[in-house]
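Following are the structures in question.
Paired with chain B in one complex and with chain C in the other, chain A is shared by the two complexes that follow.
Entry: the complex of A and B
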């Protein structure tokens, strides 16, 4: 059970447990579980349109999840992907809004830089607090999420407010057509190209560079890495900032592409889903790509469920939460272990 | 002045109950990030149970039972399946948020909120401005004291602390850390149900989706801020409540000069600063090794 195949198997089993638990909860609540699973499959994967939707939701998740993979591999529990995603989107919107009128080949690269910097800087302060004074990053990044969410509400109803907004949910002015990298609620070749490039870059970084090897060791055994003369704090900081920058990149893509504007409370579960993807993929870059498309499909189906099948969209939240509950489990219950002929690891 | 005190007690009490639950879990050695989920389960079942059965006691009881069951599930996942407590806790929170949403939709259709016909018993008009406070507010100091006695003045509390600080030592004198964690989590489940009930039934008598709004995480921060000491953590919870009340007050005083949403962020900023200072005073927090374990299956 300890090889890569065993890990994939284990992850699949827990994903199935999550799905089953959700099905049971649905049946108890008086809905039809088979109808739910059928609708999810239809909404996620059973047509070309569904695949496009899955990619539309999955690709930004893939970028954020890559960020989570990198910082988790360094051994730092950066659960602030949501806040970093928001901060990247906010910084990108400031640039694209402030430079409106300038030629696109100037504005778009600057917007991307701003998004990367926004996410990276929002990850920098918890990183600094962690490596300089040992402040626990779980709490600081968690609080960072709430602060960023409130900041998003503030900028969309203050400095970046769309004056012609209807007042429903506060949002910024729509990004001008010339700066868009994709149509509304759709994938585009540009977004796919960015994701493929970043994915390859992340794979090389994690598997083929000194940083990748050292950070992976640091996540497993920090003391050994220190004894070998590597700077743990520098590795950790780099992990934080890279992770934040990738979340910020995802935010930028959402603003320039599918969503096309900044709106308050947009994609509130993005960061949590990204963490889940990284864990289901067992922190492997390649696996992250596939898992991200799967969870993108779930997200797409979540929009489809209430409209076409009349089922509550909360189904997707429950599936995600149930998977999160079980995905990090490292041991089977004793009886099950006997059943599968597997020895239980040390207590 | 009385009004300010009432406002602080009202917003602080749910936080204190949930914080005490976090203290018990923290003492037992579990970072409890499922507090938010337990709290909303408590808040939801108090209202829905009261509406469906017409009895407040049954509503509260349903909340307590569900929270204890959810806590036991978390314990099973963490201790028996040996999952990472932080991710499992976040999963429980998601399950609570999604599950209450689903329950409300299943029972009442696509309705944004549920209103209970009556709330928790109040003190009554003879207490003046304090008459609007519910019995759970009055009970709160005694619960805080009770948890303090339990944790700091009993054999059980000492064993519990040992399980968190040095499980090996606890095991060597015949105390099962795993079982102690189950007790601590289940007791915490009861407290979370009470905190959630106070939130939904104490002043508003309403349940709305996501009404906990991060209070469970704030309670967790108070646990860390207060070094898992019942009294310290209670003080931290009240500190957050006071900061929140000050934010609302400042908005009334300064009006448009200070943006409202940034004031709402004050408790979170205060938490970060508080954790940072307490970390500096007491030396670093968890070692960086904690997460690495997760990957070595």
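Entry: the complex of A and C
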């Protein structure tokens, strides 16, 4: 069980431990754990409707997680997926809003290009800072998230503000029906097609091109690749920008599809869940698809939790956090075992 | 008291690192107030033996006695209290400390509070008493290696050491530095210290030690025997073992164990049949190359060097005299301030490494585990990296086919591995080096830079690397061999240049003379 699938399997065990732990905590807090699990199962996977919901949440997560997979494989710890997702959505909204009235076959492709560019450019500057002057990309991408979040608040209450908005959450005008690629809060054949194509493309890139092998070598040992004559800055930057572009693509899909507009504070944990997915999937493209749909299911179930188990919808965030905790901790038992093992053998 | 106790004695000591048995039932004792040598090839267990004796490594079984009194094994404190001090192969002095601070750092029973002046006065006296010419305020990192080593020895003698163990003390020294070290050791011996030297050159053993003990594959093969009662060839076969000896030429054996006499130090030079560096375009032509100072060493200053087809040019020098910068300059990883570089007649001064590699440049880098391989990546990725970089990065590849080609290539290079998917870090040093050879030495190679290609390898792997370099030379490759092992350089180089402070301070043709090359390494006699 040491192959990539074995590692994914082990990661899923941690997910289950996280779920069980949450069950115990909610049970102790006076909620019903069996009801919680039942509502997760029903909300996520036990009906056609539930599967549709899981895909609605899971597919955009899949795209963003693919971006994370690609930049992590290059050795860049890009945790700015959330900001890149927002910037993609913002750029897409500017185009679709600004070109309002033009024919769909012009507007929709341009909107996608804008979304890809928005996410990609928002990843470009931390990438440049990293390869040109060695600035830690963890810090810059994290800061980028805050900037993007505030920028989203600004554009939805300023340049893109919907004048007829009711004032709850600031948002843009709804995207016109002719430019939509899916119904509100639903998955559509167009979205599935995009995800399948991008998924295949990413799989080929990672597993069947020289870039895939070289970037993973560079991710594990950049020095060695430099001695082979590779341009590290170009390899890394390509992965970084591609990662941002995929997050931007997910943002575009949300704007043109399920959400249908840009709204302030939309999907505030999207990018972080995507990082979680990439880690659970152990940076494998194929595994990312399954794990993303699983987490999409959890997100879909979030709507059922209040109804069935009386839990707040935020319980899903707690479950995600518990899983994140176990995934980050999974390196620990081994390290601790090594430490104590050494101590034992040499007292 | 009719029998004097051994200064240090181990009985039935075995050490295991995981599955590897580093020492197997070694029992040996060393008489007091003498200079003893322990020799053996890499991997023979010499360093492990020294560490057991110093109480650093805990053996799985066995006992250690010092001056006839048994001390608990694996306790540094107990061994030091009994009077044993060790000077490690790679120095353990903190580079940012001043000499006085470093001395105080190792001393026992010092007070918790002191003034800088007090500290410096105290250690100045101690250093002067030992004849180490160094100011107590100097920083460790600014000292030449020889002085660093002298400070380290002085530190070991702060407490009243009865036994001093030195692990490969000559590895970092020039020939004249070795002489100075030996002088110092003889003075210490006269003052009653027992000295245990871990060495791997027979020449050095015979010039300093009174007894010699040979380890091979973790077992005691011989000793301690009086050096006056043995001779180089007997020691050489004890060190190398009969298994390999038959496959090596006599000069190779001498080079492996440093057995050549001072006067004829591998005087024969490389084997006959050397196509004399003929006319025609040299494979490498460096003209007046200077660089900026490099983080890894001094700047190059006006280096002019050319290598012909089928020629092996050795680069000698004390480590840190610009050898790394030289390799980086040839690889376009150091900035040139002057001069130009041509590969096979084509100027490449400003061309990136990828283009130089495409023109036939191959590099076996200094650091096998960082510059040469990605240890956590599978073998096939490591092996294929060079070829993958030849074309566009977005072109499609067939990993299954690459894995198959990798398997065949590694087999033909005699790499011991089970699958091309295993991480490179799971191979031994010798096998890992063969993976690099398999990647770098191919039919389209024209200039091979081999930087310390045999460091840390055992006899078999070392001989294998030499054979590979000689075969590449026979095919017409030019080879730049950088090594700190003069015996290796003398054995296989057609020509040896010496680097000192970023310059070429001497150039020698066979027959080589150890003294002359050594003088060029330190700048003496110029």
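In this section, the second predicted complex is superposed on the first by the 322 of 347 C-alpha atoms of A that agree within 3 Å, B and C clash if a C-alpha of one lies under 4 Å from a C-alpha of the other, contacts with A are read in each partner's own complex, and residues count from 1 in each chain.
What we mean here is this: a contact is a pair of C-beta atoms (placed from the backbone, for glycine too) under 8 Å apart; a residue touches a chain by one contact, two chains touch by 3 or more.
Note that the structure is predicted; figures quoted are calculated from it, not measured.
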Next item on the list: Consider chain A as the common anchor and indicate whether chain B and chain C clash or fit when overlaid.
Entry: fit
Notebook entry, point to check: Vertex at chain A, arms to chain B and chain C: angle between C-alpha centres to the nearest 10°?
Noted result: 70
Check: Is the number of chain A residues in contact higher for chain B or for chain C?
Finding: B
Next item on the list: Please work out whether A:140 is in contact with chain B alone, chain C alone, both, or neither, and reply first, second, both or neither.
Entry: first
Margin query: Going by the contact rule set out at the top, does A:37 touch chain B (first), chain C (second), both, or neither?
Written below: neither
Next item on the list: Determine, under the contact definition given at the top, whether A:72 touches first (chain B), second (chain C), both, or neither.
Entry: first
Notebook entry, point to check: Where does A:324 make contact in the superposed view: on chain B (first), on chain C (second), on both, or on neither?
Noted result: first
Notebook entry, point to check: Just chain B (first), just chain C (second), both, or neither: which does A:210 touch?
Noted result: second
Note to self: On the A-aligned overlay, A:151 touches which partner chain: chain B = first, chain C = second, or both, or neither?
What the structure shows: first
Note to self: Between chain B and chain C, whom does A:221 touch in the aligned arrangement: first, second, both, or neither?
What the structure shows: both
Notebook entry, point to check: Touching A:45 in the superposition: chain B (first), chain C (second), both, neither?
Noted result: neither
Item checked: Distance of closest approach, chain C and chain B, by C-alpha atoms in Å -> 6
Margin query: Based on the A-chain superposition described above, do chain B and chain C contact any of the same residues on chain A, and if so which?
Written below: 220-221, 223
Next item on the list: Name, in rising order, each residue of chain A that touches chain B in their complex.
Entry: 1-2, 6-7, 10, 25-26, 29-31, 72, 75-77, 79, 129, 133-136, 138-140, 142-144, 146-147, 150-151, 153-154, 157-158, 218-223, 232, 236, 272, 275, 279, 282-283, 312, 314-315, 317-318, 320-333
Check: What residues on chain A touch chain C, complex-wise?
Finding: 204-205, 207-211, 213-214, 216-217, 220-221, 223-231, 235, 345-347
Notebook entry, point to check: Mind pulling up the chain B residues that touch chain A in the complex?
Noted result: 31, 33, 73-74, 77, 80-84, 86-88, 90-95, 97-99, 101-103, 105-106, 214, 217, 220-221, 224, 259, 261-262, 264-265, 268-269, 271-272, 275-276, 279-280, 283-292, 294-297
Next item on the list: Within their complex, state which residues of chain C touch chain A.
Entry: 58, 74, 331, 333, 352-354, 356-357, 363, 365, 367, 370-377, 381-382, 384-386, 388-389, 391-399
